[in-house]
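Next, two complexes with subunit A in common: one pairs it with subunit B, the other with subunit C.
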Partner chain A sequence: MSTLDVAVRAPASRGERLDPLALLALPATAYLGIAFAVPLVLLLVTSVWTPAGLTIDGYVKFFSDSYGWRVMWNALRAALWTTAICLVIGYPVGFALARSRGVVQVLLLVALILPLSVGVVVKAFAWTILLRSNGVVNQMLLATGIASEPVRFIFTEAGLVVGAVNIFLSFMVLPIFSVVKLIDGRLLDAAATLGASPLHRFLRVTVPLSMPGVIAGIAFVFSMAISMYVIPTLLMGDRYQTMSTLIARSYLFMRDRSLGSAVAVVLLGIAVAVVVISGWLARRSRDVR
Partner chain B sequence: MGQGNGRLTYLDVAGVDKRFRDTVVIQGLDLRVGAGEFVSLLGPSGCGKTTLLRIIAGLLRADRGAIHLDGRDLTRLAAHKRNVGVVFQSYALFPHLTVAENVAFGLRARRAPAAELREAVARALAMVQLTEYAGRPIFVLSGGQQQRVAVARALAVHPALLLLDEPLSALDRKLRETMQIELKHLLRQLGLTAIFVTHDQDEALVMSDRIAVMNAGRIEQFAAPADVYNRPATAFVLDFVGMSSRFHGTVRAVEGDEVSVDTAVGVLRARGRPPVGSRVLVAVRPERLMLGRGDGEWRNAATLTVRDPVFLGSKLILHFDAADGDRAVAELASGTGDKLAAGDLVQVHWSVGDTLIFPAS
Partner chain C sequence: MSQLIASPVSRRRFLAASAVAAATLGAPGVVRAQKKEIVVGGAASHKAFMEPNILPLFEKKYDCKVVFEGTKSLVNLEKMVSNRDKPYLSVVMMDDPVMILAVNEKVIDRITPKDVPNVSKLRPAAVHMDAMWVNYQFPWAGVAFNAQKKAGGVASWTELWDPKNKGKVIVPSLQNTEGLTVLFLAAHLETGKPLKEAQYQTDAAFKKLKALKPNLLTIYTQMPQAFNLLEQGEALMIGGALSSYALQRKTQGAPVDLSTPKELGMTMPSGIAKVKGGPQPALTHAFINEMLGAEYQKLLSKVAFAIPTHVDVVAAPGTPDASRVFTPDWANVTKNRKAWVERWDKEMAV
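And now, the complex of A and B:
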């Protein structure tokens, strides 16, 4: 009995000892600490601390004004649409990428990664050209007869989401690809020999096993989409405010540091909440069936 | 279980060909297995045994040939409609499911009612003595336990045929030997027809009713373990299953059903009818060799130099010096040759009836 206890406990006690390999994470940790954690703490402090003393004025100003809620809803809605569409498009693409071999896979990966080297400003600006009333998209719609007069895309939320999906899609596809690639094909063979139809195999084996990639993709795309700044600025103009543009206005034009940092903290809170909840939902969907 | 000749054919694999690109993996292969039989596919890696298994399971499509199971034509049926269970070499357990959920997977796929499902899972887990592990995740289990989950998962759906792809090869020797007996006992109890792929001759000998020895995409011999060992059909089977002494030679004369062969150790006799002057391989299993000079039926004799005596507790293996390409080895009961040392000259003899003869390759 006692040997069994030791055998069962051994891995846990091993985990408690510091692995010397962990030291390799030190430079990255130090960098993140200085470049990320310190400013974050400063931000949190700024949001509740003015020269006059401790205050929650910034938060009150943001939440008491219907404008604040509208801005938050704008950002949330655009981010949710962007994430949902990226997931719908990106999941099959991630699969195609994982199942492809050789040159085809390399080409697909290059096609996916190369656009990342083009700056967001350039891409967003390109979309303004594509989407404007005499742009390529409208010319095609008119030429093919799908639309009889130019459709207004630019300065609409649909246009914003189209642009954002294009720019963030890689961040959904790549984590899904990297997880699906590692799914052991023999598991699907085993499922087949157990009598599972292709659909059952997909829903009960492939989807649950690809969840870590899906969660990572959602976390990436959502946190980037809810905090996007350049894309709405170029595709929506000044009248449409998201939380990022509001933060920038608070700091740059209104000189209201406590409002700006309060909005930034709320934004951070939303992003963290979505990431945590999506992870929790994924785990739950796995446990309960 | 005998030759299985009188038995009705349950699984019928007929004329199966399979090639991957330009490589022929299986060629014109026939295999007939009776109901309730435990058959091993034994062969070196790359002989096509796992490919054949995957074709029977429906995970690969044969280029040619037909597969019938209990009268049903499986040839074009998808894997999930065949009701052929597989225990994979890597176990292929679902890492996102618990032990019980793994076992329940096939039942859920068949939409078994909840009550029936619970009962079947409990029964399958009890069969492999893993009842108390039902709620555990897979990754905390040892190799042997994972192997048993894989067996329980395959058995829970009552397959018409069970295929096992080297399911014990990842276990250490002690555990493997225990599991061999356990698995054989369990499958026999269930009366299940099973095909067991292995490259381990001892495993095949221990577990099977019949062994199909495969080489280069063909079955070289399909017979009961004792026949495979005592009466190997080809030089490949002789070589692959068990040890043997083997001497190359030329047929000097044919007398009735007996031939005499000139070899490096002298004239040896064997039953067979190869033409005079042909090159042959004469062989004998090591435990058939006796010390001393024989006569009559026991007139095959040789004087050999001990190269390496190996003491194995209950037996003594003597390796002798032999000509190039030949091999000479004797297995003696402990105590009979204990005083022998390397370099000693020894006279051995064996029966003509135990002598095997094959055309030289």
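And now, the complex of A and C:
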């Protein structure tokens, strides 16, 4: 059972006794209540409450301006591209990791987890060096003859997605790996003895069984990618606004708390929608199985 | 182990030893706790010369600790407004347009000659709104360039628009006060009017700025990143670069220099103010007084490449003459800046 399965499982029925082990979650629940739930409530209140009284001006300002839609589309587009590329690259890596054994598996895991210890600022800044006209990426393109002159990557959307994929890839691979390693290999053997071709076995057995991991990976990567702040700030500069940069700008520069919190609530709504839809898809894929 | 347990340590000796140990270990903590501390909110780019050059002098003389929080002026303003009831900043060092907002928000207090005697030694142009804030230096903004790839410097602001510099130009965001230099110079180039008049021609400025888009590598909010790109040769010029940062990088050996083009540079007055109700008022007054005194002003002129505001201090060699720099109408900036930034976001976006 994957983490997502646990997360979406129906709550205990009214008559069911509370497992005393659930009390172990009390410190974390209290911490999240103070550090997350209270600020969240304050955010929701700030988005509709100003010193002048109850208002939805922040939402009206954001949605009535075509620039607001443009910023939202920027954030969505970058998150969709990042998630899609992470999935395409991460899916086979999850299988390689699950199927490998011994030293190879340890090395693969280290290669995947060690970069997480490097800060996002450092990684994003490193990409600004790699993507320059005389950076490693352009040198490779020129050396292999793919390009005849340096290609502009830095401060482009392509550069942003490349940097974001590097930073978020682990969050796609790890959930897929954790699900794939639990797939019973005998199921594929059984399918083969029933005459299923390799492609049929992959599409009808492997893919459905790995879906909970895929859905969890998509939820993780998309949620983080749509709210990224440091990466677009360093890799795109001031000419490309995302929802996160607009929130910071509204609070710190425009001093417009109403707009800043309204955009933050919209961003939160998108992230919650992704998690809810992921949960629904996970339940659905389990029911189909 | 059994020997230790059996050793003849009486309860009295144990308590005495514990008291001595507690005193020995605890005393430095008490001493540390007694040391006074003030928090100064300043510009991130000023950290480079404040922390190594100015703060140690003050800390030594007054036996205190100064924490310098370097960020954008508007973030400092937000810190003061958010903590209005219980301020933790004692001093703020921000640019003039944000000081006007701070006065409107009633988060800074008047500097009086009684508390800060050196305020009476300042040039008149450095004292604002009856000393609600004063300028401790006048850095200026010009065009920074890569000295290896553009050895001749930058003679005119029009070079930023030259098609041969496609993708090689960086300008500051309008969120950064030095970004206003490009806005006003664009208005001047588009209208042909003197800067004093052109600064009010916003439509003309944006028309000219839109023509700059093909040449833009990026628009920065973080100065170190922009200078890193310039020093590495990825960019050729930064229009609206601050003397206090560009010339400091030059003296540190970076291949950059700063030109004051023929159309003029722009002054970027650095203000200092007392936070209303801030902690440690005596130390606060001492800090502001020292910043305005001849000793610190001489040092600042040398390390921050800025024009001093103390009447007796002469500017360091290389500082442009006052006639080569333009001072904008900061009240007009304060009134319109938010609208300009919103327009900038939309019209300068990728």
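One rule holds for everything that comes next: the second predicted complex is superposed on the first by the 262 of 289 C-alpha atoms of A that agree within 3 Å, B and C clash if a C-alpha of one lies under 4 Å from a C-alpha of the other, contacts with A are read in each partner's own complex, and residues count from 1 in each chain.
The rule is short, and it goes like this: a residue touches a chain if its C-beta (ideal position, glycine included) is under 8 Å from a C-beta of that chain, and two chains touch if they have at least 3 such contacts.
Computed from a predicted structure; not experimentally measured.
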Overlay on subunit A: subunit C relative to subunit B, clash or fit: fit
For A:Arg132, using the defined touch cut-off, is the partner it touches subunit B, subunit C, both, or neither? Pick first, second, both or neither. second
For A:Trp280 in the superposed arrangement: first (subunit B), second (subunit C), both or neither? neither
Subunit A contact check, subunit B vs subunit C, more residues touched by chain C
Output check: A:Ala196 vs subunit B and subunit C. Expected answer is one of first, second, both, neither. What do you get? first
Quick check on the superposed pair: does A:Tyr31 touch subunit B, subunit C, both, or neither? Answer first, second, both or neither. neither
Inter-chain angle, subunit B to subunit C through the CA centre of subunit A, in degrees rounded to a multiple of 10: 150
Taking the superposition as given, does A:Trp69 touch the first partner, subunit B, the second, subunit C, both, or neither? neither
Please work out whether A:Gln241 is in contact with subunit B alone, subunit C alone, both, or neither, and reply first, second, both or neither. second
Just to confirm the value: shortest Cα separation between subunit B and subunit C in the superposed three-chain model, in whole Å. 47
Within their complex, state which residues of subunit C touch subunit A. 72, 74-75, 77-78, 81, 167, 173, 175, 216-222, 225, 229, 232-234, 338, 341-342, 345-346, 348-350
Interfacial residue positions of subunit A with respect to subunit B in the complex: 184, 186-187, 189-198, 200-201, 204-205, 208-209, 286
Which subunit B residues qualify as touching subunit A in the complex? 57-59, 78-86, 88, 90, 92-96, 105-106, 108-110, 153-154, 157
Could you please specify the touching residues of subunit A with respect to subunit C in the complex? 67, 70, 125, 128-129, 132-134, 152, 154-157, 233-234, 236-241, 249, 251-255
